[in-house]
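Following are the structures in question.
Same chain, two partners: chain A is paired with chain B first, then with chain C.
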Partner chain A sequence: MSIGLPLHTHAAIEGVERVELLKVLTPEEARGSHLGETDVLLLEDEALVRRGGGPIRISSLRNPEVVGPGDVVRLRPGSSLVSVLYRRGSTSNTLFATERCNSLCLMCSQPPRDEDDSWRVGELLRQVSLVDADEPQLGITGGEPTLLGQGLADVLTACRTYLPSTHMHVLTNGRTFKDRGWAERWGSAHPDHVTWAVPLYADVAEIHDEVVAAEGAFLETLQGLYELGRLGAAVEIRVVLHAITIPRLPQLAAFIYRRLPFVRHVALMGLEPMGFAKSNRDRLWIDPADYIEQLRAAAFHLADRGMSLSLYNLPLCVLPRDLWPFAQQSISAWKNAYPEICDGCVVRPHCGGFFASAGPSWRSRAVRPLKLEEFA
Partner chain B sequence: MTWRERLALLLGAASPFAIADHSAAATPNTLLWTEGGDEPVSLQPLEFWNDPAHTHHLLQLAGHRSHSSHSSHSSHRSHVSGSGGHGSHYSGTPSYTPSYTPVLPVAPAAPKPVSTPAPRPAPSYQPSSPSTLFEASPAARPSTPAPPSSAAGASSGLVTGSAGQAPQDVAAGVERLSQDDISRFVQRVQIALMIKGYDPGPADGVLSPKTREALRAFQTAGGLTVSGNMDMATLHALGVLK
Partner chain C sequence: MTDLGRDRVLISSDFGDYALLSRDEADALQAGGQGLSPTRRMDLAARGLTNVSGAVPDLDEAVRRTRKAFLLEGPTLHIFVVTLRCDHSCHYCQVSRAAVGAAGFDMSLADADAALDRVFEAPGRDLTIEFQGGEPALRFDLVRHIVLGAKSRNADGAKALRFTMVSTLHHLGEADLAFCAEHEIQLSTSIDGASALHDHQRPNPSRDAWARTVEGIGRARAALGEHAVAALPTVTRAALNDPHGLVDTYRALGLRSIFLRPVSPYGFARKTARVHGYSTAEFLAFYAQALDYILKLSAAGEAIEEVYAAILLRHIWSPFHSGYVDLRSPAGAGLGVMVYNYDGLAYPSDEARMAAETGDKRFALGRVDQPLDDLLASPAMSWLAAGAVAEAIPSCDRCAFLPYCGADPVHHAVVHGDPVGDRAASDFCERQTGLFRILFEHIDKGDPETLRTFTAWAFRKDRREVRTSGFVER
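Here is the complex of A and B:
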């Protein structure tokens, strides 16, 4: 099993007295940077060194490849952990907003914790100021980021200031947008550079509310979507494909086209076997090979009507060829993997592969290496 | 990407209007999409359909389109590419026997293509001149007598820019590519085109007229320079250089 580069490594760390977010730069790049010497860890031959504001020295990195120039790392006092919060060149960089959530989705890959973590706002503001200004895209995820309230508006305003050309992609369940005041506050913080990615699991409340385990969530999300539509905000709808959402997937596609015509992009997503998804496997698992018919109906209902559509987290070998043009390599590099069965597959360079967390029991029976002869 | 562009991308090779010759494909703005209907409308004069074999091909396409509920499926299109392909409509023989050995530099060349994103691992295939990898334009063709027919011309387009260039490039370190290497690379491009919903014909490693048509359709939809060549920008967009 081959897997992407992790976001953490251990090292010998000296001089860290409080939580530090620092930018890693080569000495050459540091000389031309607007950042001060208290913000920068210089990447030297054997170590990472901060010269200003109390010297810090990081050496003997267990996996030196984890940290590279341009990255933003977090160090904690008394810990040997070096965490990469931003990786230059990665297409899946995110700001982690909060662990709290007002829903409790059956397949949540990042189960929420109900603790006050509003301290994150300060860290996020700091992180935003250290990200490369030419970064094309940055995600905001959680938890439910809007639970930061004004904090989220502040983070978006900081992005507008420090990263004016970076496109922000915010994962939210949309429920809190039903309050017009908040919708306007978040929507106006960085109006032209934010896509709000909102999950919708069915065209009927019963199923959606079951999936997110929150009574009334369907109505709130729809109300929130209409508030976003009212603001002319860019909205993406995300549908996670599993045993509960599949039966009405074609109806959901029709619903989105009819009722949410302002939506700019629809993502139909394979299940990530993490967090709650693992404990709810019995309720959720359906082999993608068994939902191709519904998937195809939904996909072409939207695509034929000119709606922009993507398929995430589904390997090419399980999809019929007519759906291939919609398939994206969507799995973040650090949790992306290809099992041994993929060795020698000719479409592998174009295939999204699998979540590293997906053991054989989460693998479709249709998975197989494609041979060159099939294309001749 | 707007939905219009997306639609153009999806319909690109499925549409008979994508089966255009050089001059037609070089002006992508001649393709318009109607507001209400699903069918594309072309303002392009249709003379290039006059080849009877071509017309037959288009009728086949139309037949496939009429019974499909949707418009852009490589599986449907792949029937069309079937056996033989329509390289046979061209006067020349599609088998390529260039009279020189194509070369490809291994050392990174000095001028990087402008369109190449900066933070990437060095691609295994580096151009020896900006944005030409397999260049087929007559200007870049070596002075070696080329076969006269268009199909043979297309095949002999499997030439790097360096083949027609000064010997100092060769001194900088070039590796002779075997016919097999080139064939395998073209195959990768063909498979990438299929995955993106275009019909380059069978993945046989031959840069056939049909593969060039698919390249042009892909370039048109992606807003790239429409050449039918495997230039750097196109190869990056196809994801065959990572």
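Here is the complex of A and C:
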């Protein structure tokens, strides 16, 4: 079983008097960096050290591998926790915008909390200024990031300033874009460098609204998608596959192609057994082996029409071979793990894999190790 | 709502969404929808086919604009009739040709240049210049002049130019073909059937039209590449009896696409209707058989396409217009096509100029030296406009095939004397609805291999790339 590097570790920390976001650099890289002494933790033999501002010293890291050069870490006064907010070289770095959300999806993996966390905007702006300027892609997630209002526009503007070549991938339910003024403000903050990834769960309101537990959400999201299309924004549609979305998945694919032909990409995603999904298992669980027919019907409808398509979170052994070209190995390293049954599987290095937290009850009965002979 | 027979009914929306219903479902829908199954009710709601309000008006409007986006492009197909002379004396075409030695049937350089000015007045980016005749190869010097003139006017690359030429290929020498290759001029020729049939219908002085065209296809392929030559038949009564034979002739020549179009009712063809003509019903029976045969070959893995079915399927399934100027609403006449005749007159379509050759002068838009805007504001255009919008034509507005069809005011003006025409007596309508019926019957039947072929055709894919059609709306 392999689990990726955690994002937190403990250490002996001295000198932290307020929340600090700092860039970890080797002394050599720091000399060539545009960042000042107050922004940088120097990675020395025994410790991480800030020279400028109030001196800070971090030593005796419990897991020294967690922190590496290029990373951005957060330190809090009175805490021994070192949190990695940005990891150089990771493909899944995100800016966590807010815990608030205006939907309450049945399968939410990150259940929202209704607390004012607008303080995050300041941290996000600081974080953006510390990310590597050559970072190819950065996500923005939540909660619903657009609930930051002007704060989201400010964060995107900061990305435009500090990370002009970084592509931003923003997860939003799209509802707030129904307001043209806001759509234009967010859409123009960093044009041509943002993909708006919007979930759509059915071609009819009654199912979509049931999934997101918000009446009227379907029409709001469609109006929001229209506004994004009108702005020429890059839009990705995301569909989580479960017992409520599967029956109309093929019809949803047709709806996307005919009504939203400006969409650049469609992502079909296996259910993450996290958050609300666990408590709603009875309503949501369907063995992927039982929805292959609908998945193929939808996938080929889109692919045949030239729509770009990806499948996420589905092990290769469950998918028919003709869907493999669409399958992505994408689950964040910390989530990706394989049960014993996968031992000896020859395609494991290419597999979308499993969530580390998933027990056997979340595993398709079709899971099995693939042998080399099957490819002869 | 259109009855397809056998208790099947087609309904469609302005946006081209459709559903194939049983008679019971159609009755339930008309009674308010309560009797429909939940799945069916959702299908129809999602496709905007019920009265349930649930749509987003802005999104609907965007879909409508997307379907009609061609309107902003102006004329995109510019046909140059560089000469009316031709050495063939095809029975169905005699009035739109002149003898090889005849004087006064070639386009002047001044008119060619003026016509090029019109081409570059068109607002669209993607422009096609097509050479026709007569036999345009008899004046390949003019073809060269126009191609080079167009390229020099496009030195800034503002337009994406495409060139095509309709030719028997008999008179294209090696240097001409090299020019075609250099400037990527697509060649289109006619093969009416097997050699005896072709030579009978398309007599040339040496009585070897078929052999020389086939030889020309070979030379053109060698010079321009395997896919540089397309061919299409004019289907006459003689071909009608043997749909498989016609398809097999194309296969034997290595032609992978075939455009099964009926004999044109324009020009001379109307006068020889008794010899060459046939009823629309006879054509549709022929078409259905030929299509079945082509579908069978496709299912067996052969690369072969019926071009008109591909166009209609694109209209049925795609949210974008196919770009085909001969089937759209508002009609392509003038708005999508301009024809610059050898005599310096401009016409809204090829058919209009052929009708004019028979003496009907109402179709001329003006002369090529008048600005494009003037030509489009001509009395002829105003006259044709009455029949140019299918959505406004009585009985079309109730037809479920309307979103995939088009208007043909020139045809109706020629045949009925009036651009609106009478749909009940319109062979255009009978043919179009007949073809749509054939295609929708296949879609309704849902044979997986047929749907796979249709999907490949509609979305311009190699059939081998289409593993399965995926979901198809019913």
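Quick notes
The rule we apply is simple: the second predicted complex is superposed on the first by the 376 of 376 C-alpha atoms of A that agree within 3 Å, B and C clash if a C-alpha of one lies under 4 Å from a C-alpha of the other, contacts with A are read in each partner's own complex, and residues count from 1 in each chain.
Operating definition for what follows: contacts are C-beta pairs under 8 Å (C-beta built on N, C-alpha and C of every residue); 3 or more make two chains touch, one makes a residue touch a chain.
Every value quoted in this text rests on a predicted model; they were computed, and no experiment measured them.
Residue contacts after overlaying the shared chain place A:Met307 against chain B, while chain C stays out of touching range.
Of the two partner chains, chain C is the only one touched by A:Arg259; chain B is not. Within the superposed three-chain model, A:Trp324 lies in touch with chain B and out of touch with chain C [touch as defined at top].
Annotation for chain A, partner touching more residues between chain B and chain C: C. Contacts of A:Arg238 after superposition: neither chain B nor chain C is touched. By the touch criterion defined above, A:His169 lies against neither chain B nor chain C after alignment on the C-alpha atoms of chain A. In the overlay built on the shared chain, the residue A:Arg87 is in contact with neither chain B nor chain C. Once the two complexes are laid over each other on the shared chain, residue contacts for A:Pro349 go to chain B alone; chain C is not touched. Applying the stated touch rule to the two superposed structures, the overlap between the chain B and chain C interfaces on chain A comprises residues 300, 303-304, 306, 322. Of all residues in chain A, those touching chain B in their complex are 88-89, 300, 303-304, 306-308, 316, 320-322, 324-325, 346-347, 349-350, 372, 375-376.
In the complex of the two chains, the chain A residues touching chain C come out as 203-207, 219, 222-223, 225-226, 229-230, 247-248, 250-251, 253-255, 257-261, 296-306, 322. Interface of chain C with chain A (complex): residues 15-17, 39, 42-43, 45-46, 54, 56, 58-59, 62-63, 66, 317-320, 455-456, 459, 461, 466-473.
For chain B in complex with chain A, the touching residues are 1, 3-4, 6-7, 9-10, 38, 69-76, 78, 119, 187-188, 190-192, 194-197, 202-204, 239-240, 242.
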